[in-house]
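Chains here go by letter, A, B, C and D, matching the order in which they are written, and residues are numbered from 1 within each.
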Amino acid sequence: MSSTYGENLKLSIFGQSHGAGIGMTLDGIPAGLGVDLEALQAFLDRRAPGQGDWSTPRKEADKPEFLAGIVNGFTCGAPIAAVIRNTNTRSGDYENLKDCPRPGHADFTAQIKYGGFQDAAGGGHFSGRLTAPLCIAGGLCKQWLEEAGIRIGAHIIQIGEQTASRFDPLQPQLDQVGNFFPTLDADSADRFQAAIAAARTQGDSIGGMIQCAITGVPAGLGEPMFGGVESRIAQIVYGIPAAKSVSFGIGEETATLMGSDCNDAFAVADGKIVTATNRCGGILGGITTGMPVLFTVAVKPTPSIAKPQTSVSLSQMAQTQLQVKGRHDPCIVPRAVPVVEAAAAIAVMDMLLGNTQTTRRK
Amino acid sequence: MSSTYGENLKLSIFGQSHGAGIGMTLDGIPAGLGVDLEALQAFLDRRAPGQGDWSTPRKEADKPEFLAGIVNGFTCGAPIAAVIRNTNTRSGDYENLKDCPRPGHADFTAQIKYGGFQDAAGGGHFSGRLTAPLCIAGGLCKQWLEEAGIRIGAHIIQIGEQTASRFDPLQPQLDQVGNFFPTLDADSADRFQAAIAAARTQGDSIGGMIQCAITGVPAGLGEPMFGGVESRIAQIVYGIPAAKSVSFGIGEETATLMGSDCNDAFAVADGKIVTATNRCGGILGGITTGMPVLFTVAVKPTPSIAKPQTSVSLSQMAQTQLQVKGRHDPCIVPRAVPVVEAAAAIAVMDMLLGNTQTTRRK
Amino acid sequence: MSSTYGENLKLSIFGQSHGAGIGMTLDGIPAGLGVDLEALQAFLDRRAPGQGDWSTPRKEADKPEFLAGIVNGFTCGAPIAAVIRNTNTRSGDYENLKDCPRPGHADFTAQIKYGGFQDAAGGGHFSGRLTAPLCIAGGLCKQWLEEAGIRIGAHIIQIGEQTASRFDPLQPQLDQVGNFFPTLDADSADRFQAAIAAARTQGDSIGGMIQCAITGVPAGLGEPMFGGVESRIAQIVYGIPAAKSVSFGIGEETATLMGSDCNDAFAVADGKIVTATNRCGGILGGITTGMPVLFTVAVKPTPSIAKPQTSVSLSQMAQTQLQVKGRHDPCIVPRAVPVVEAAAAIAVMDMLLGNTQTTRRK
Amino acid sequence: MSSTYGENLKLSIFGQSHGAGIGMTLDGIPAGLGVDLEALQAFLDRRAPGQGDWSTPRKEADKPEFLAGIVNGFTCGAPIAAVIRNTNTRSGDYENLKDCPRPGHADFTAQIKYGGFQDAAGGGHFSGRLTAPLCIAGGLCKQWLEEAGIRIGAHIIQIGEQTASRFDPLQPQLDQVGNFFPTLDADSADRFQAAIAAARTQGDSIGGMIQCAITGVPAGLGEPMFGGVESRIAQIVYGIPAAKSVSFGIGEETATLMGSDCNDAFAVADGKIVTATNRCGGILGGITTGMPVLFTVAVKPTPSIAKPQTSVSLSQMAQTQLQVKGRHDPCIVPRAVPVVEAAAAIAVMDMLLGNTQTTRRK
């Protein structure tokens, strides 16, 4: 389908960047789960713009109003629905984007698909703004997973040519990730911010890579074949605009190794079965091993840049130069970090709800 | 769910490695599509073992019997069902794998998930053998897509440390891929086969990377967010055992670039809109641009190796040494090439069937 | 799942009777379909209360606000989202319904299912009020179907012991149905209203039966087995609270007949194939014949009645008497008529969107 | 979709009446459930033809071969797949049915939908023979439900104008149903068989009605709106060819009643909450009350009759007379009884698997 996800829960996301509002419906959640709206807002604020030099100074409140599904701080079993009003609607003139599509954006493909009926303003339904309702759903799932001992955290491991340490695959240091700028150490944060600042100064943008870890996940989660953890997580993570690569464990490095270097030996520790290494990212045969689940996401540079670019006029079928107006993030990677966490949380919650046979590792 | 895939078509795969048979049901295919069973067999033979030094000398016929859905060489609108009989059933003693799981395999996770009731013989439902019915479905879809001018081809771009040329992203050279060993040039084929031979000699295995191209795909295919082309392809490709990374276009390289180097400029060529480069892999906003769709898959080394490995005895909760018996592929990558094509074909067919608004590029 | 419907479109309904708002998301609708909001409101008004003696004098505006999916009067391809604010929230004291469930209502089953976390106010998510968002989605689908020459109309054929004429199964008289009270003739309307008035006077309620016709539907719509027209329509119609029977064509009468009296002979009329009679309700093998589709729905009497009833106190596990307070419809059947039309419209739209092979009858 | 069913389990049915084989795949069933193949065969035999005067003397073995999913008498967690070989293939000449469709059959609608590519032999995929794989899946589910204390039984309550007693809605007498001919008492069985014999003698067929009861079902099963028990059961039951009405509890009688006569009062019995009557058929708000679930199905007379009938020649677009050859059941109702049970079992199993919050009534 399109803007829906889930086998056991059903997430439906709606909205256009400059429409009246954006929001989500999350169906299939059991009754009686507590909801901490304050913690949810803190999570949403991590995605909101205007927090640092790396993001657009645009101000968007991103305060969801819950219309249904929560009563007195607990889920009531009915679908959960939330809306964020758009305050910044129809302001700009986006009609020209229908004629002159921005390189790297969905302007052109939306025009082809919807024949001019699409809402072009601000990217419409393809806007990164739609990750806000994704974060509402994911932020809620994250809370419920934490209640069950499952934690999810992501950080930046690359911006342009600059790289940073990855998580310890056996014991991901979730608590060590920076609050202001999400890396494992201050030095990387400085180098990453400097690279972003350089891009901004040049009227350009820059890409990066995010790593996400899920700890406390029980062994035995996931289903065979197309219901495997990799399939379920990749499907939702690729719903995040700008994601161009999703890898598990050591990912592409796996292609370079011999089996004897890639296989994770089994061992016994504290009376339970573990793997001595965790190159597989906590997943074998699509099913969790009980070790941390680890994956990485490559995020392309924001396509909206101040520099002039070559595009075409669709009406005249002729090449033209385009200069994208407005204030855009020189690097979307920091704001994408909580979005990746949200996506992972939704995928794990979905699998847990459908899991009839898995027992938590003791 | 588990071993089912598809929004518009419904693929259901069944079977265990050493059970009575493996097979698939493919529902939702329109009536009147021609089926060339000889061409399908040739496609299946590309996946079958015993074709070169790089694969197990085991002989499996892999001749599907069609039970339903095809009449006089055409689909009849009813679900298509096919079965491959397993000739090699229950021969080995796999009970010990339930106690001593093979590193890198699903033995352990299946044991946890199914509590000892799983079919452990030959990996059961987690066996790579289950890619044979995937190839039946995908081989059929490939034929139908070719009728519609859509071609799909994959090749090997990496084995261990050795690499080969990638497709020209604007005009993938599908016809240049080797028949015997699927690379773009003979030199790479030689180096890759040598690397595989070296691994085999050491009683080890080796990983690699596959690139797949889809040409002739109309612009406008795919749906927003979780229904995007990346999401749909990644979900099914991650259903292939051993896949650990799925990337689109330039994939992880996207993380290293500035926006001005990553965006693909639009241009006019022969009266239609194209992109001057194709770093996005033919997909913007999850929707096809009309340029070739390109993606890469990292395949881990075959976990079954002759070298002794460290595992555990689940009954004794103690570390032990394991030596995997039997004849195993030192490198699964060559046989995975048609499987990746099959997966891509199923995903594209599924999207085409649900596509109400896309017109083929003229 | 739960409050979601559709194979090709995806309808998701949310809200509780006394929550902040109720609404729906309708995903998968093509771009470029015109939306007449005035006509939609007129359709919604048919369901709204306060129109006659037979319905509660409660005033609910039922004015939907569209948050997404419609731009300048046309669908834009993005999910359509609409909300109706509840003005009448949290007013009553419904906590006692958790302890003393109303007979015939979902109070008890919701209590068992959600363990006390359900929103009990006004029936919560089980309220008939949730048919308002169903009518938003269905009212839109009805408009789009009419553009395609498909018309849907329902009328009342029974209230208590009183009955009225059914549609001519070959040429349903959609235009003859009364606007104020939906029957085929004025005499039935009078008798039905008198029966309802009598029930109201007694502090009681009364049930009835609705017949719905769909004309102009192309032959060949529907899928085999569980995707048949009967399956698809019955699933959504049974989502309407109070529906206890769904039958197609002559329905239960079919049990009394011989094959020679039940089969509809084929004939040629105006150069196309028709059936001389239409006992099958326009459906053979789950697939439309091109004749009008006809079905009936039995609607139980409103369970909320003024008369004292026997219930139990769940906390004391003892029998008790219950007198339901508030103003309730003595007969829900008239207001259910547009809801049945809405459900039918959604089901037909869903099937049309997934229909790859059917051509309209010429 | 089409020949697939289920939210939590995934049933996929394939086959044509005269193809190589018919069968099913049942995915999503937990590992470790026992399978009694002998009991399953006894269940399938109840559906098989040739057991009495009322069914065709055709002999079909209907012995399923299990290809996957069951190991040593227990489910192994992998999809369960079974095939029944067709011994009676391609014998007749069915090509003329493509030109001259049988009244009451899917011949015409299949021709329109599949444009002549359909498998017309014996009704193809629309044949009642496809209820055999439905009974394989349903027979298995029935066993597993019985393990959980849930029993399902159906019986005939009407053949033509003759009627029989219904189940006691509070304590359905499942054990009292006749083995040879499924009614509650011998007198009804005699009258029903006489009515069927009369139809056969006239070269005609006759319809009837089946009632099904599900006992031991926990309170709280089912989901709101479109996921309600009525919706889920009706969808699958309408997948049975010839079903034209599906009603719950007292069904259409509900339309004739006042609320005070229709509502089921709550009471306390043996320390648990019950309803004093059970007119609602054990379902309120789509959720089970814990009382027996009851529903009725009207089954139309077999459309294939020996009497000459009026049809058309599609090639000549002219009316013609048709005499259906072959041996057909004069009444399909007795053989449909286990099929209705199978459908109910699959629906209940599906709901149980997705049920995260329901506890069994104590």
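Throughout what follows, contacts are C-beta pairs under 8 Å (C-beta built on N, C-alpha and C of every residue); 3 or more make two chains touch, one makes a residue touch a chain.
What you are looking at is a predicted structure, and each value in this text was computed from that prediction instead of being measured.
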### More contacts between chains, A-C or B-C
A-C
### Message
Please identify the chain with the largest separation between its CA centroid and the CA centroid of chain B.
### Response
C
## Note on the structure
Per the C-alpha means, the centres of chain B and chain C lie apart by a whole-Å value of 45
### Message
Roughly how far is chain C from chain D, centre to centre by C-alpha average, rounded to an integer in Å?
### Response
26
### Task
Starting from the mean Cα coordinates of chain A and chain C, work out the distance between those two points in Å.
39
### Message
Two-or-more-chain contact residues of chain C, please, as numbers and ranges.
### Response
1-4, 13, 31, 77-78, 110, 113-115, 125, 224, 354, 357
## Note on the structure
chain A residues touching chain B in their complex are 1-5, 7, 13, 101, 103-106, 108-110, 112-115, 125-126, 130, 158-161, 199, 202, 204-209, 219-220, 222-228, 230-232, 234-236, 238-239, 241, 243-252, 254-260, 262-268, 271, 273, 275-276, 280-281, 283-290, 298-305, 307, 309-312, 314, 317-319, 357-359
#### Entry: Complex interface listing, chain B residues touching chain C
8, 30-31, 77-78, 224, 353-354, 356-357
### Message
With touch defined as at the start, can you tell me which chain D residues reach chain B in the complex?
### Response
1-4, 10, 12-16, 19-23, 25, 27-28, 31-32, 65-69, 71, 74-81, 83, 110, 113-115, 117-119, 124-125
